[in-house]
Amino acid sequence: MRSPLANAVEAVLFVAEKPVSRAEIAKVVGGTPKQVDAALLELAEGYSGTGLRLAHDGDDWQLVTAPEQAPAVAAYLGADRLRVSPASLETLAVIAYRQPVTRAEVEAIRGVNCDQTIYTLMQRRLIEERGRRDGPGRPILYGTTWEFLECFGLSSLDDLPRALTPEGTVPEAEAREVGGSSSP
Amino acid sequence: MRSPLANAVEAVLFVAEKPVSRAEIAKVVGGTPKQVDAALLELAEGYSGTGLRLAHDGDDWQLVTAPEQAPAVAAYLGADRLRVSPASLETLAVIAYRQPVTRAEVEAIRGVNCDQTIYTLMQRRLIEERGRRDGPGRPILYGTTWEFLECFGLSSLDDLPRALTPEGTVPEAEAREVGGSSSP
Amino acid sequence: MLGNEGPSVTVEGFDGPLEMLLQLVEEKKLDILTVRLGDLADAYLARVRALEALPAGEVASFLALASRLVLLKARSLLPALAPIANEDEGQTEEELRARLMEYAIVRERAGALGDRLRSGERAFHREGGSAVDLPPRGGEVTALAAAWSRVLALAARSREEDMVSPGERYSVEERTDEIEAIVIEHGEVTFTALLGAAPTLGWAVVTFIALLDLYRRSVVDLEQDELFTDIVIKRKVRAVPETPA
């Protein structure tokens, strides 16, 4: 039976899409670095004979697929399509059409928490920070990247297609009103 | 020891950006649907006592974190808690246990207009449209989403909390009849 | 049907007529299976009268149930009372009881779901992708536009629900450091100045908590000449108290 700490570390590494340092793991799971070391060792041993592996580069740790599963992974990932979830695509759409925007503005438009999707899009280099908005807390502004344009085959942001609803084109003024409702 | 097929399925689900259907899993790992079923069962059992869970909505499968690890994962992602009003929870309860249902059916059961709560649940991505019911007006049918399962820490709809009311107080057939009485 | 009359109403904890009736049954500790619903007519009517602040249209659904209860009461008093010719289905006690019991189950399930939500035991998915760092590719611009349309369609209606509206999240830790830096640099600052031109509630709360923390740690002194005037935050100089007590 695995220790509770090892399970917490596993869950964190599972959702992380980049290597996580031992110190950060310790902070979020609430353990000492030494306990985290033991948990990581426990996990690494547990993954033997499964489809996953625990990889590390120095003190940075990451869950990856086992090398021998490369054919299945390649078969799944093989098709040339963008690897983002529908939720991330929605967040990306809001940022692409409204940039620069803050996280709170994206959430006001989507109506749901966007922490994880913004994090994922940053990891994928589809969005980036664009300075900060004046005002309380100086929230971070997000915009799309050069990789975003390349990924979608756009020569510039002006090439973004106009949004269509079943009723027809959304008047830009109305759309702006919706999006702007949360910003001062 | 896990079977090679279960490990391949695990690796594919790990890299997938959205739930994967049994048919697609079978295609990429090169097994029959029956073998895939066995592999999924094997995985689900193997995750017991770990930080991961195998969740499914119908034939679509996804790897998620174990609900009890939510504090550590939320701390890592900086996610905050979803809040749903009692009125919306009632509408959600009707939809979750009766899906797919129409708005009129939900209203017949709750005894109040449910326009606003359905809209709110849609916006929170907790419910979605599931086609239309045959018959006059072809009313929209609603069902729950993956986000619903995730937010409530359910591995599948079979995990829905069972009624605490003593068995047999309300015959389900009778209840259904009442619920359906507003639709032809 | 009861349900199609008027918008949802939440007054004094009542979300609708069925909930009001169910609450009566529970308060009086009656058995939902055996209670004679007609007996509740008077108590129910008294509650409906208390809803006088409601617009007439919104009371309609409460009144519809009230009239049904009164009819049931009349029937129990005068067993010979024949069903009225144009009476539609759903008027008998059994049918109303069945609806009430079904509603009770819904409320129980909603409560169970609410408990789950409050426990915070939720799952998280992985957004996917291989560990190998590849540049993103294969994006479909039509899919992106479709996602945007979907978001706009869902955002098109105003939100009235009592859910927490999204706002910026601030860190008390960061705010504390910021204020400390300001006080060290300028010696003093007013609370109004710290709040800025258009503070949000969250920002004000975080600023205030940060100030209390600084005060507790004796980093700053707080001064207020009169009630409701601006608070002046001064750097606390050790051993040399700046403010006479």
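Each chain gets a letter, A, B and C, in the order it is written, and its residues are counted from 1.
FYI, a residue touches a chain if its C-beta (ideal position, glycine included) is under 8 Å from a C-beta of that chain, and two chains touch if they have at least 3 such contacts.
Nothing here was measured: the structure is a model prediction, and the numbers come from that model.
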| item | value |
| --- | --- |
| Furthest chain, CA centroid comparison against subunit A | C |
| Two chains joined by the most C-beta pairs in contact, as defined above | B-C |
| Intercentroid distance (Cα basis), subunit C paired with subunit B, Å | 24 |
| Subunit A-subunit C separation of Cα centroids, rounded to whole Å | 29 |
| Residues within subunit C bordering two or more other chains | 124-130, 154-155, 159 |
| Where subunit B touches two or more other chains at once, by residue number | 14-18, 63, 65-66, 68, 73, 77-80, 82, 123-124 |
| Contact footprint of subunit A on subunit C as seen in their complex | 124-131, 135-145, 147-156, 159, 165-168, 170, 175, 195-200, 203, 206 |
| Subunit A - residues contacting subunit B, complex | 1-2, 6-12, 14-16, 20, 24, 27-30, 46, 49-52, 63, 65-66, 68-69, 72-73, 75-77, 83-88, 111-113, 115-116, 119 |
| Residues of subunit A defined as touching subunit C within the complex | 11, 14-15, 17, 55, 62-65, 73, 77, 79-86, 88-90, 92-94, 96-97, 102-104, 107-111, 113, 116-117, 120, 123-126, 135-137, 139, 147-148, 150-154, 159-166, 170, 175, 178-179, 182, 184 |
| In the complex, subunit C residues that touch subunit B | 1-10, 15-19, 33, 61, 65, 89-90, 95, 98-99, 101-114, 116-117, 119-130, 154-155, 157, 159-164, 169 |
